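Below is one structure, written out as structure tokens, with a few remarks after it.
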Amino acid sequence: MSAPTPKRHQASGSFSGGFSWAMARDLRLAWRHPDEAVLTVAFFALVASLFPLGIGAEPQLLARIGPGVIWVGALLAAFLALPGLFAADYADGSLEQMTLSPHPALGWAAGKVAAHWIVSGLPLTLLSPLIGLQYGLAPDTLGVQALSLLIGTPVLSLLGGACAALALGARGGGMLLALLALPLFVPVLIFGAGAAEAQATGLSAAPHLSLLGAALIAALVGLPVAVGAAVRIAVD
Amino acid sequence: MTSRHRSGAPDVLQVRDLACRRGPALLFSGIDFEVAGGELLCVRGPNGCGKTTLLRCVTGLTRPDEGTILWRGEPAQTDPERMRSGTAYAGHLPSLKDDLSAEENLEFALRLRGVATTAEERREALAAVGLEKRRRIPARRLSAGQRRRIGLARLALDPADLWVLDEPLTALDDAGQELFVDLLDRHLAGGGLALAATHHRLAPASGVVRELRLA
Amino acid sequence: MNWFYFSSPTTFYGLAGRLAPWFFILAAALAVWGLYLGLLVAPTDAQQGEVYRVIFIHVPTAWMSMFLYFIMACYCGLTLVFNTRLSAMMARAIAPTGAMMTFIALWTGAFWGRPTWGTYWVWDARLTSELVLLFLYFGYMALANAFEDPRRGDRAAALLALIGVVNLPIIYFSVQWWNTLHQGSSVSFKGTSMHVTMLTGMLVMSASAWMYAIGASLVRVRSVILERERRAQWVRNLPEAA
């Protein structure tokens, strides 16, 4: 019999350990399969292009509806990317291992949502000025639009992440997730689209952006805990 | 036996009066057992008798309906983080990513366990389970048994005192089973504890093997 | 086995059965009194004429829609923290009544809005957040019933309900925070802007809605208990199970 090998390492958990683990792993997986991120962005561009075709391409009308259409498009694209956030980890047992990790749930939950935002929300934000140009939005409106998406899409990812984790293993899959997540997205949509619209009509976008910022802070404080708790319920 | 953790309490897992129901049906009740350092407890019983659920209750994945689980003399719920860092769980699901290589899978699995290892250590561990040549190809192209071997490499590097293993021999060939028993043997000889649900007979050279039969 | 574990839904089943009729009787009596005050005694409003009388249904149901969500969320919190079974069943029993109250509030609001604002619906903050509340109730019920294991549904839906609580202050304060078409609150702690009879009628109707909600929840929790405990011996021994 071989002599027992001394075990040198002691397991220890930390917020940053869990966060960086989830970020590094999910970004590497996304990098191996960039098609998912590309599809999200393509969907966004497609939806936004459908409106001028359906409503008519009158420039004034387009400039008027532009901010709202772009926000709705981004919201739907972010929503469609949600099921992928936890489904694979749920199916292959990774969620069990995460729940049993010495790292606090807060860390890896936040890390996973952050990685998800980088491959879904961030590309949408970066693409939005281009779509805005198609709608003939003024340059300052484009800036406010992108800023509102930059603040708003992380809130969508956090809210959606909690809902996606809650709906794991449930009957009714995508429709159920829509029923859970979309009503919670409503305030973000109102303030987000409101910001660019206010800017376009010559009012100040600041109140909308501040409210959006407040929502982001509240979401950052409260929702990673909720995501962790939802995952714990899902693997039970 | 040297104490391998900060608190001086001995490594012991005690389960008291555990009961669990799934839906309206009672799976098991009144389960009592104790596992001390160097001991292996084999949970046996027919399919569907609740072996997996019992193991999941011990790890904390599933909430038991009744009963307490004491780890080093303290209820596991009071300090779940300590319980989790001391426990390695290998369930039915492999928790492997098809798109990552064996090496990457091992690296991420250990990082999730809060264990710092060097690339050299991981390479050695993979070599020890016979995956040295295949360590860089995506896990999707490995056979079921080879995928299980990545799990063995993880166990080998995990410093957890308590191993909770659900059907650890599944899909492993003879050589793989030998590897596992050897690993288990070293774990028990080093004062570790193990709890395994299995239909096979496990006979490590060292350590005390006991059985728990679920009706 | 822990006796209390099984005893609480068991004893509560009987208790709920004995109490529910009394709450319904109380609700009916209060409704008769409230409607009498509201429809016959209260004076015609100087600005809105007779149309304003929808307030005696609209405001009590709107209050209850928020209040019931709050109570439901409290039971959900108990479910998650203490893993108690009866609290989850109570939350499930309250949700449909809450959704109904929300729906009636929106419906009566639309009929009030048509003659006074000239439209059934506007996308203002109060109406939108109340509509979101309706969807939160729907989402809660859908999620609670979406799992094979009802306990899993209890816990998942409970967490959803707690996340949705942020909507309550938004509904309540929306008429103050945003300059909306929806009129401001007629009742406040500083005193009211209404005739005393109107206020009394509204409060009596609210009490009626409250009693009805309790009665309906008790009846519903009985069927939830029966469904969950259908294999238990005490359920098989019930006279109604024979």
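Labels for the chains are A, B and C, by order of writing; each one numbers its residues from 1.
Heads up, the rule we're going with is that a residue touches a chain if its C-beta (ideal position, glycine included) is under 8 Å from a C-beta of that chain, and two chains touch if they have at least 3 such contacts.
Everything numeric in this text was worked out from a predicted model, so none of it was measured.
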- Note on the structure: Among line, ring, star, complete and other, the chain touch graph is complete
- Query: In terms of C-beta pairs in contact, which two chains are most connected?
  - Reply: A-B
- Any idea how many Å lie between the Cα centroids of chain A and chain C? 32
- Message: Could you work out how far the Cα centre of chain A sits from that of chain B, in whole Å?
- Response: 35
- Query: Could you state the distance in Å from the CA-based centre of chain B to that of chain C?
  - Reply: 48
- Query: By residue number and range, which residues of chain A touch two or more other chains?
  - Reply: 236
- Message: Multi-chain contacts only, two chains or more: what residues does chain B have there?
- Response: 63
- Of all residues in chain A, those that touch chain B in their complex: 1-2, 4-14, 17-18, 21, 24-25, 28-29, 32-33, 88, 91-94, 96-104, 108, 235-236
- Query: Once bound in the complex, which stretches of chain C touch chain B?
  - Reply: 1-2, 5, 83, 148-150, 228-232
- Item | Touch list for chain B against partner chain A, complex | 4-5, 59-63, 81, 84-87, 89, 91-97, 99-100, 104, 108-109, 111-117, 157-160, 182, 185-186, 189-190, 205-206
- Query: Mind pulling up the chain C residues that touch chain A in the complex?
  - Reply: 80, 128, 132, 135-136, 138-139, 142-143, 146-147, 152, 155-156, 159-160, 162-164, 166, 170
- Task: Enumerate the contact residues on chain A facing chain C in the complex.
- Result: 159, 162-163, 166-167, 169-172, 176, 179-180, 182-184, 186-187, 190, 218, 223, 226, 229-230, 233-234, 236
